[in-house]
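Reviewing the structure listed below.
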Amino acid sequence: MKKVECIIKPFKLEEVKETLANLGISGMTVSEVRGFGRQKGHAELYRGAEYQIDFIPKIKIELVLPDERVAEVVEAIRQEAATGTIGDGKIFVHGVEQAVRIRTGETGSEAL
Amino acid sequence: MKKVECIIKPFKLEEVKETLANLGISGMTVSEVRGFGRQKGHAELYRGAEYQIDFIPKIKIELVLPDERVAEVVEAIRQEAATGTIGDGKIFVHGVEQAVRIRTGETGSEAL
Amino acid sequence: MKKVECIIKPFKLEEVKETLANLGISGMTVSEVRGFGRQKGHAELYRGAEYQIDFIPKIKIELVLPDERVAEVVEAIRQEAATGTIGDGKIFVHGVEQAVRIRTGETGSEAL
Amino acid sequence: MAAAGLVLALPGFGLAEEVAINAAEVQENLNFVWTLIAAFMVFIMQAGFSMVEAGFTRAKNACNILMKNMMDFSVGALGFWALGFGLMFGVSNGFFGTTDFFFSGASGEGEAWNYAFWMFQTVFAATAATIISGAVAERTKFSAYLVYSVFVSAIVYPISGSWAWGGLFNGSGWLENLGFIDFAGSTVVHSVGGWLALAGAIVVGPRLGKYDKGGKVKPIPGHSIPLAGLGVFLLWFGWYGFNAGSTTTGDTSIALIAVTTTLAAAAGAIVAMGATWFKYGKSDVGMTLNGALAGLVGITAGCENVSPLSAVIIGAIAGVLVLYSVLFFDKIKVDDPVGAISVHGVCGAWGTLAAGLFDTAGFSLQVVGVQLLGIVVYFAWAFGAGLILFKLIDVLMGMRVSKEEEMAGLDFCEHGASAYPDFQTVRLGTVFTPGESAGK
Amino acid sequence: MAAAGLVLALPGFGLAEEVAINAAEVQENLNFVWTLIAAFMVFIMQAGFSMVEAGFTRAKNACNILMKNMMDFSVGALGFWALGFGLMFGVSNGFFGTTDFFFSGASGEGEAWNYAFWMFQTVFAATAATIISGAVAERTKFSAYLVYSVFVSAIVYPISGSWAWGGLFNGSGWLENLGFIDFAGSTVVHSVGGWLALAGAIVVGPRLGKYDKGGKVKPIPGHSIPLAGLGVFLLWFGWYGFNAGSTTTGDTSIALIAVTTTLAAAAGAIVAMGATWFKYGKSDVGMTLNGALAGLVGITAGCENVSPLSAVIIGAIAGVLVLYSVLFFDKIKVDDPVGAISVHGVCGAWGTLAAGLFDTAGFSLQVVGVQLLGIVVYFAWAFGAGLILFKLIDVLMGMRVSKEEEMAGLDFCEHGASAYPDFQTVRLGTVFTPGESAGK
Amino acid sequence: MAAAGLVLALPGFGLAEEVAINAAEVQENLNFVWTLIAAFMVFIMQAGFSMVEAGFTRAKNACNILMKNMMDFSVGALGFWALGFGLMFGVSNGFFGTTDFFFSGASGEGEAWNYAFWMFQTVFAATAATIISGAVAERTKFSAYLVYSVFVSAIVYPISGSWAWGGLFNGSGWLENLGFIDFAGSTVVHSVGGWLALAGAIVVGPRLGKYDKGGKVKPIPGHSIPLAGLGVFLLWFGWYGFNAGSTTTGDTSIALIAVTTTLAAAAGAIVAMGATWFKYGKSDVGMTLNGALAGLVGITAGCENVSPLSAVIIGAIAGVLVLYSVLFFDKIKVDDPVGAISVHGVCGAWGTLAAGLFDTAGFSLQVVGVQLLGIVVYFAWAFGAGLILFKLIDVLMGMRVSKEEEMAGLDFCEHGASAYPDFQTVRLGTVFTPGESAGK
């Protein structure tokens, strides 16, 4: 099994979720993060003074998948999440040794 | 070392934490996430219109452990977090190559 | 590639970020977590009653790096984030098999 | 502080008898005190509107809502001073007033009353403009908002206002001469605001994401129900000034008005709550809040000429009306984030009709006829003027922000600001609260 | 707006002299203006209660709190119109009034005053009901809440109210005939609300998680202290209407009342703060807010018959009392999320006693005896009626939501809603703010 | 409730004619009613200040802000009762009053008025103290705050207040004898508060993180703009009581005051908004809110002796002034989280000057001279006394919390509390809202 972790622009979440659902992905875990990267943040204004914002809201999606589905899913996310502009985000993949479904105790791919 | 990452129902946090403490687990990191899975979300009502909620709040617990403790801990969490109903969550395990305690610079199992 | 995941005290974020920037690290992802560890939490007061707080706010920084930069970055973070008091946090390192830049589709170290 | 010349009135100085003040003068003073306190109470409705509108929209647009409410009062006050008051209450040319701009008539004996009356009318004018801001929230350009805000407070509202209320000051209105009943403004203020809001919402179009690809309604829940609830309480409070203050006379007639206002609002809230409970199996908070406001708008026209029982009926009907009206406008794809069109437009029209139907002077077809005429004429005027105004603004400067700006939120795009910098405010679809019942 | 017949009173028209109005009539008008403005100020206390109760409870129940406050006023107003006012102020059968239901007595000369007085009394009745909602918050079924809300505003409160205040209108009360002093309702309103709250909290039981397995108290901090603080300011403001308005006469006696009200509230806040500081080494925000309210409740009975110095003492004692009372009720496992029992019940009783002890007419054992009698009788009535009422409701329809619903929050379960959809609101135990002092 | 003896005034009882009340007595009653209602409205400004100050600071200090506002009113009321009122309005020794402490003069005919006047003046005194709390927010020790709060309300403010207003009661002031115009307190209240705030902000020093290593300003955005906006509306509402109530007489002169107050605030808000839009390309919410307050402070001195047009000009100038003043103080490293020094100090001085420049009695160099004298004298007094007071406190008990405490937040360190336990409130620098326009 692998874990696919992707950082995307927040407003892309809905579309990525639907793409994944269409691929038959039945589960994922989402969280709110803030990114720092090439996309540089903007100036804001507060009571007559400007200041820089460094961290930009992003959404992190975590998916654990059987090895054989990884390539396809990564590609699907990439296509759906891309806008072609800086800050579109990243996809990281790494190994998962074990998965357990808490409800039933099933393990491995069965648990996903 | 391994990292045990589990996604549980929020109201189970307290009990899981106590179970872990009883096992002598001295540290963990918790965050709020939202899950998408078999448990399908509910309808809500807003000013006379119903709508579907897709993402369900979950708690993610991350624990880094020496290899030998993993099996026992996973099992303990599984038992404590299970309610037997859909949406109880998952436990994922993967390898960690290095751990450092920032305060002292200790590394490996010493750092946990 | 490796992922360096560190849990630090929130008020250290700014300094760690600058140290990393000085090392030429161009990207990272930050999130808010709550830690449970040796640092034991404090008592709070609410309408005439005291109670214990178990979870302490921490910041998690995730960085994916080419293997060769890991040692140096871990050490820099350690130095910058340390205050020498309990609760300074941890740095964990594990392997990443693949990285993709969503915008361009670049993969591997190119994508970071 | 009290200048020396006022010492006569300072109690405890033993001088009170020196200068003879007569009862009529004291009553006049009382009228001023009452009218101005009522005006201040109506002012607090601006806070109420801000909280309702901010609460019923997303966190990313909260600064913008505050700015709009702050500005429509500010711009409205200056506009009403310069132009609006004269158009509404100046000596009329039959269609609108033509004197009393910039307080030009404020001199001599009537000067003080001119100020007091202006104050009371200004807070009304600002209300009309504020109503629109809710309906076009979360997507309208701030500059466009400012422009139409001036036009509404200074021109559109005063002109039609003069038809029913001009006679309260130096003007005279053709509708009031026909016997049109609208004591505190179900039509003159609320419907006008509501129909302008309708025109605005049509021209600016629905918010991104309000309708899915299939055209199905996707509710966009407001970001803070506690603020919205606070707002409704503030509005209800201010409404006592709005309705009872419309006597502009401190006398015993204000008591009945307070009663009918209370009962109608209560009935509106209860019925709206009951209706959602019946329909959905759960009682809907947002709609209940709208129901209270619907009852208040409904009773505004007839608050002094209907019985307490009639007030309950009027409020109750408004409470159902607002629910179905909200559903109706949602269905025909007029996106009104706070329900302003239904609350103010539809229930304002209902209230105006009801003031005729339930008139304690007795039911008369003629009275009802005039009420209907008024309703229609004001709809035509406000909706028509609104369409033209908003279309013109759209063509000349654009009514709506870009898609990117709308997604990022008006707070950032228009004001470079964040309403809640210490909180994460990302909306992943609305969420459950923890401890959700397992496996349900 | 002012009908033509009122022109006499419109200043600046030069007509004022035409119709002779006499000083007594103007005074009557002033009484109406004063009484109604005071009533409107008391109305804003509903907003105050909402904010205090919402702020002192968890985010997942905030919509429910707003609904309850909106509804107890709405339901209470209709119930008081139909039944309550007559029971309280109708011609009495010795135990309660039996006339004046549905404004049936509102006609002739006294009609307008009937309306004004009803308005003032209605906001009082709603206060009594609202007090309970805080004590049973976060676990009570909304339907049960609605039912008891009707009973309290329309029956329980009015019956006992008639004993002390019936004589203010058409009734006559046995307690007032004994000389019972409760000017603005420390007992009649606040204690009654507080003791009903006590009965309610006992019947409904403590919130899940309020006591750990060992029975130790685990505080459940409220989700927004700024809203709670706002609420206290709004309540304090409204209290000026509550106390000073209880003259229902616009005369110079209102000044002392405003002073005693101010000083007692200030003393209550300061002493409650000081007491927590002394006891815990830190000054407790929530208890300080409770302390201000305790001072206000404490002075309510005696606000017009005690000296400013006595007011300070009364408030100060209320400020300590509320702290130890809250601790006491926590200890005996009566879970009162906002402290309503202590603030309104206990400090209401104290205030009633104090109105006798510090009476500026001089200390008299007999007066104090009657005060004690009143305290006991009202406790017996309100707590007794409350136990029966809540038990009955519990048996017939259930007072409390299920464990799952309580965990998920009433907002979702009862109203299908979320108070803050744009925010994550997960409670992992309360948290530190960033930058916590290292290693402490 | 109305005691039996008041029945005369209860309408609808047919007894009204029995006791003859004359017009002067009714007017006296009206003056009480008006003055007290105005005082209650000014009281609500405490809620306004709390919301503005809490909204403009960080979530981790929100409880502390509420505590401070609750306490400065409470402590101030007791202090003003004990000492302040006498120093300000007692028979003067030329520099301050020396009688009327603890209501010692409240007896006989003038007793009731003594209470009413005290009530009105107390809410003013509390305002002066509250102003400071914003400027020293987020880093000042709570104990130090309490101490200076007492000194300000009970000594510093009353002494200088006696110079201009002592003659309103038993005192007499040297400045008022020179003809100094400050009707409702641009200088007496606001500037004094502002200059004390300046002294406080200097002594306590800037917040950690307000300036980077290079000395560059790093704004620290406030955590809730909606609360700040609500606060401004509440302040604006209360200001009507502040300005118009300063007649302490219910007569027709209050109308002009309401008008000038409205127009100046509106102009201030519009101009501040326009100025930021012009300067930064975006309209700044926080500065617009400050602009409305600046207009209000500016008109306070001259609200009854300038024309409506002058009010617009005065407000407009205040609106620009506040922007540049905020930038100026930021630059010279006086860190004022809410802009209190600029709004109250600077615009208060401007308003005092303007009351002379735009005097409807005609322009006179002498009048302007006296105004300038007053401005300078009050600056010297308030800033001087402030520096001494704060320095003394700093030396004796410390003005500022430790670095660790400041980072952790005052809520936790001073009160062991969290303002928002259900929310994560970590500030990673301010963030964008979702959907930010791609790649911009």
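Think of it as A, B, C, D, E and F in the order they're written, each chain with its own count starting at 1.
Here, contacts are C-beta pairs under 8 Å (C-beta built on N, C-alpha and C of every residue); 3 or more make two chains touch, one makes a residue touch a chain.
Just so we're clear, the structure is a prediction, and the values are computed from it rather than from any experiment.
A.B. asks: Under the document's definition of touching, what chains do chain A and chain D have as common neighbours?
C.D. replies: Chains touching both chain A and chain D: B, F.
A.B. asks: Report same or different for the chain D and chain E interface, where same means the shared residue numbers exceed half of all residue numbers found there.
C.D. replies: different
A.B. asks: Could you tell me which of C-F, C-E or A-F has an interface matching A-D, in the sense that over half of the contact pairs are shared by residue number?
C.D. replies: The pair repeating the interface of A-D is C-F.
A.B. asks: In degrees and to the nearest 5, what turn takes the CA positions of chain A onto those of chain B?
C.D. replies: Chain A sits rotated relative to chain B by 120 degrees.
A.B. asks: If you average the Cα atoms of chain B and of chain D to get two centres, how far apart are those centres in Å?
C.D. replies: 50
A.B. asks: How far is the middle of chain D from the middle of chain F, if each middle is the mean of its Cα atoms, in Å?
C.D. replies: That gives a centre separation of 30 Å.
A.B. asks: How many angstrom lie between the CA centroids of chain B and chain C, rounded to a whole number?
C.D. replies: That pair's centroid distance is 18 Å.
A.B. asks: Can you list every residue of chain E that touches 2 or more other chains, as numbers and ranges?
C.D. replies: If we look for residues of chain E contacting two or more partner chains, we find 11, 23, 25-26, 28, 30, 32-33, 37, 59-60, 112-114, 116, 221-222, 224, 230, 252, 280, 282, 284, 286, 407, 412, 415-418, 420, 423-428, 430-436, 438, 440.
A.B. asks: Can you pull out the residues of chain C that are in contact with at least two other chains?
C.D. replies: Within chain C, the residues that touch at least two other chains are 10-11, 30-32, 34, 42, 44-46, 50, 54-55, 57, 83-88, 94-95.
A.B. asks: By the document's touch rule, what are all the touching chain pairs in this structure?
C.D. replies: A-B, A-C, A-D, A-F, B-C, B-D, B-E, C-E, C-F, D-E, D-F, E-F
A.B. asks: For chain B, which residues count as touching chain E in their complex?
C.D. replies: Interface residues on chain B, with respect to chain E: 10-11, 13, 30, 32, 42-46, 50, 57, 59.
A.B. asks: Would you tell me which residues of chain F are touching chain C in their complex?
C.D. replies: Residues 407, 412, 415-418, 424, 426, 428 of chain F touch chain C in their complex.
A.B. asks: In the complex, go through chain E and note every residue touching chain D.
C.D. replies: On the chain E side, the touching residues are 1-3, 6, 9-14, 16-17, 20-23, 25-26, 28-30, 32-33, 36-37, 39-40, 43-44, 46-47, 50-51, 54, 59-60, 62-63, 65-67, 69-71, 73-75, 77-78, 81, 102-103, 106, 112-116, 118-119, 122, 142, 224, 227, 230, 252, 402, 404-409, 411-427.
A.B. asks: Going by the contact rule set out above, which residues of chain C touch chain B in the complex?
C.D. replies: 2, 6-8, 31-38, 54-55, 58, 60, 74, 77-78, 81-95
A.B. asks: For chain C, which residues count as touching chain E in their complex?
C.D. replies: For this pair, the touching residues of chain C are 9-11, 34, 39, 41-42, 44-57, 83-88.
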